[in-house]
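Input: structures, listed below.
Paired with subunit B in one complex and with subunit C in the other, subunit A is shared by the two complexes that follow.
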Partner chain A sequence: MIAFKLAYRNLMGAGLRTFLIVFILSVSYVLIIFMNGLYQGWNHHARADMIDWEVGQGQFWQEQYDPYDPFTYADAHAPVPPEIKTAAEQGRVAPILLSQATIYPEGRIQSIKLKGIAVQQDVLSVPTDKLVAEDHIIPALAGTRMAKSARLEEGDYLLVRWRDVNGTFDAAEVKITGIFSSPVPAVDAGQIWIPLDQMQEMLQMPGEATLIVSGKGVELPGKIPGWEFRDHDFLFAELEAMIKTKSTGGSILYLILLALALLAVFDTQVLSIFRRQREIGTYISMGMTRRQVVGLFTVEGTMHAILALALAAVYGIPLLLWFAKTGLGMPEGTDSFGLASAERILPYYSAAVITGTILLIMITTTIVSYMPARKISKMNPTEAIRGKIQ
Partner chain B sequence: MENNTIIKIENLVKQFPVGGGTFTALNGISLSFGKGEFSGIVGPSGSGKTTLLNIIGSLDSPTKGEVTVMGTGSGGMNAKTASQLRKNHIGFIFQTYNLMSVYTVYENVEFPLLLLKMPASERRKAVLDAIEWVGLTDKIKSRPPQLSGGESQRVAIARAMVKRPGLVLADEPTANLDAANSHHILQTMETLNKELKTTFLFATHDDKVIRYLKRIVTLADGKVVSDESVK
Partner chain C sequence: MKKTGIALSIICATALQGIVLAQPSGKEILDRIDRNMSSETRYFKSTMIIHGARYSRTIESQSWAEGDQKAYTEYLSPAREAGTKMLKLEDQLWIYSPGTDRTIQISGHMLRQSVMGSDLSYEDMMDDPNLAGKYDAVVTGSESIGDRDTWIVEMHARVEDVAYQTRKLWVDKSRYVPLREELYARSGTLLKKTELSEIRQIENRWYPGRIVFKDMLKKGEGTEFIIEEIQFNVDIPEHLLTKAGLR
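Let's turn to the complex of A and B:
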């Protein structure tokens, strides 16, 4: 406790120099917590949005299906397994049939992914209730990104061409009955949604699907022959990897800031030990052991981090809470990277991030404070008292 | 050791390595100092005064011989017992005052008591008493850069005396002071010596100090050349 008391006095006595180091360290605390909170918030939002719009509670994939290889789409279809047929009819699971197709908006040619989805599904937020047939026209949904790229508006008619199960080209006109806005580009960009039964008919694949999205509370069979279950760990792996990459990139910024603050602490320690040799000798003459003086200087350096924590709490807590409430607007086009992103990300500050940040700064500050202070243990007190440089 | 003896030095030799050989700073010193003495070790520069004071203060160790201070012998002394001895029984006064520049007068004087973990109320009284002894009550919140040389040395005396040590070691305490301040400082120390029965041991070659001493030990080339009591 004495070391803390003395260290506090010494730091307060150092005035502006202490304040500057403490301020930079406090910014490090706030920035690290904010950045990590932002990535966690982004992750949190993206996962929730992807569950709502794309992955549900997991998916069964027809064994041939590879989302990254459009050439597999032609063979990746099979009848909806009888084990989950009832759930599909009740809308508790959402079978989706996939095919490559071409559209001709305003006379241009555009390749798309055609997706058939059960109208009665209650699993995904895709507004399938708008897939209402009028006469013999096929209703279709497009997301805002797709609508923008193809200049589609609600009520537009669009020519779609596809190949059926036998490889025969066929074409029909669809009517855009709804345009929806989704934070998940994977259900929007480059694709058109139509009713599953009509798509099965178009492709001559009655009762078939490429993948089946599970809803909440559905008891799924462990294994279905010809289908593979993909759980959240698998389906979010890409998202996790992308956020990790972005988080690593972002961490460079705050690590540079932290390194600067630590360098300032280190320099201050080196300078202190150089300039305060007489003081060190005096401490020893008054009964402190060299180890205690090393401890005092280490605590003094570490106390920068403690004071910075207090300062960070003063302005950081209101600031971080304000961000947590209002969120941070994401720049337009963020979702064009393919990563699910809401318009505003609300940072999420977990106890682990806060504790981890505090420990990171405390431990690194203690280390950079201790390293130069070790020199004291080799000092000759009689020389130090006279202020002789050692 | 006699009951009255505070410091006992027997055949003390101190050598320092210099270049390839050694330099003998103290050569066969034997002395003893009793409780309440107001003594000085005098001699020219390089005679070994400060080295002797440092060894008595357990800041340095003998090459040969034995030094016993307040019952603690240098033979079995380690860093911890040496620091305990300094913390509990010895006060130091330096030529350059060695005050902590960022501390106030009060905080400088309080420092030794913090190391002794004295309770706050007791500590406060002891600090205020010590500051009053040296007549600096009106400067209690000042910091060393705001004090004159004489005032700074008086703070150093208060700091050395606040824990009521058995022994105060003063190394050239007046070297940086003018005559008036030197006399003031010495009068203060003389008064404290009489009132508190604290043993004062000076290392000096300053005539102003020598005039106040009751016993003068003269060193030359690391040896005691005279040891006289002054009436």
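Let's turn to the complex of A and C:
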């Protein structure tokens, strides 16, 4: 306890120098928690958005389907398995049929993915209720990104050309009956949604699908021959890898700040030990062991981190809570990498992030405080009292 | 009066019989086109003019072909395309790009892309020319194109794996060279149109000197293909129609 009291007095005595170090360390606390909270928030939102718009509670893929290999699209289709046909009819799972197609907006040629989805599905947030057919015209939905790139507006007619199951060309006009805004580019960019039954008819693939998205509370069969189940771990692997890369890049900023603060603590410790040799000699001559004196100086250094934690709490808690409420606007084009991103990301500060940050700063400060203090254990107390440089 | 009626009937019957005899069947027309236009080997130098929405581009090339299964094309100009080579071997297509010194195989969705920005896709180039084997051809009438009389031959696919469900050909009645072709989707939408003109006699065949391809769903004036020089039954160096010939 004496060590803490002495350390506190010494730090307060140092005045401005202590304040500067404590301030920089407190900024490190706030910044590390904020940055990690931001990435966690992004991950949290992106996962929730992807579940709502793209992946559901997992997907069954026709065994030949590979989303990264368009060569597979032509052959990746099979009848919806009888095991989940009832759930599909009730809209609790959403079969999706996928094909490559070409559109001709204003006479320009553009390759797209044509996706067929059941109108009555409740699994994904794609507004399939807007896929309303009228006068034999095929209704179609486009996302805002697709609408922007092809200059489409609601009510526009669009010529689509595709090849059926035999490779025979066919073409028809579709009517854009709805344009939706989605934070998930994977359901928007370069694609158009049409009713599943019409697409099956167009492609001459009755009752077939490329993938089946599962909804909540659906009891899925373990294995379906010809289909492979993709769970959240698989479907989110890419998102997690991308956020991890971004998080590593972002950590460089706060690690530099933390390194500067720790360097200041280290320098302060070296200077203290150099200038306070007589004090050290006195402590030892008064009966303190060398280990106790080393401990005293280490606590003094570590107390920077404790004071910084208190200061960070004073201004950091309101600041971080404000960000958690208002969020941070993401720059335009963040989703151009294909990564799900809302317009504003609300940071999510988990207990693990807060505890981890406090421990990280405390431990590193203790280490950099201890390192110079080790020199005390080699000091000769008589010479230290005389103030002789050792 | 009765005699006149009988005479008229005989004249009409004879005339009709003459017309029926003169009108070849769709298959016969396709065979005659094949005999007229195909050769064991051929070499031709051509200019392709691609009419875009804002400007036109001209690409010169020379090609060697063996039957309808093997073809080799080398682009000569403009400088950006010069040295690019294309090789078709049966149902496979490779492109060599001198800029990257790489040979890539065009397959899958890449086959749907346009050749050098033209109205032709790679898969159009890969299309099997053996129409008689896949389509039922019927002569549906005749029509004049310019000063030439043509048969209209309508072809409906009798097999399932064809790119176009219906094709329509306008074939010169005396020269047996097509002057126009239209390609239709299953729904009946006209997808592509080809006009062949400047028909000239080369050796003992009639051959078009200018072909205009037009993707009917796309805006623009289409792509002109002008044959500057053509030779039939030429000797083609053996290495040219192999992948090694691309480098």
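Note that the second predicted complex is superposed on the first by the 390 of 390 C-alpha atoms of A that agree within 3 Å, B and C clash if a C-alpha of one lies under 4 Å from a C-alpha of the other, contacts with A are read in each partner's own complex, and residues count from 1 in each chain.
The definition used in the following text is that contacts are C-beta pairs under 8 Å (C-beta built on N, C-alpha and C of every residue); 3 or more make two chains touch, one makes a residue touch a chain.
Fair warning: this is a prediction, and the values are worked out from it, not measured in the lab.
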Joint occupancy of subunit A by subunit B and subunit C, clash or fit: fit
Contacts of A:S111 with subunit B and subunit C, given as first, second, both or neither: second
Which of subunit B and subunit C A:I385 touches, first, second, both or neither: first
Contacts of A:T289 with subunit B and subunit C, given as first, second, both or neither: first
After the two structures are overlaid on chain A, angle v-u-w for subunit B, subunit A, subunit C in degrees (C-alpha centres, nearest 10): 150
Superposed arrangement (fit on chain A Cα atoms) - minimum subunit B/subunit C Cα distance in Å: 72
Shared subunit A contacts, counted only where both subunit B and subunit C touch the same residue: none
Residues of subunit A touching subunit B in the complex: 2, 5-6, 9-10, 12-14, 278-279, 281-282, 284-292, 381-382, 385-387
Subunit A-touching residues of subunit C, taken from the complex the two chains share: 53, 107-109, 112-114, 157, 160-165, 183, 185-187, 189, 191, 215, 217-220
Subunit B to subunit A touching residues, read off their complex: 50, 54, 57, 59-60, 79-80, 83-84, 86-88, 92, 94, 96, 98, 100-103, 107, 111-112, 114-117
Residues of subunit A defined as touching subunit C within the complex: 70-71, 73-74, 100, 102, 104, 106-109, 111, 159, 161, 163-164, 166-172
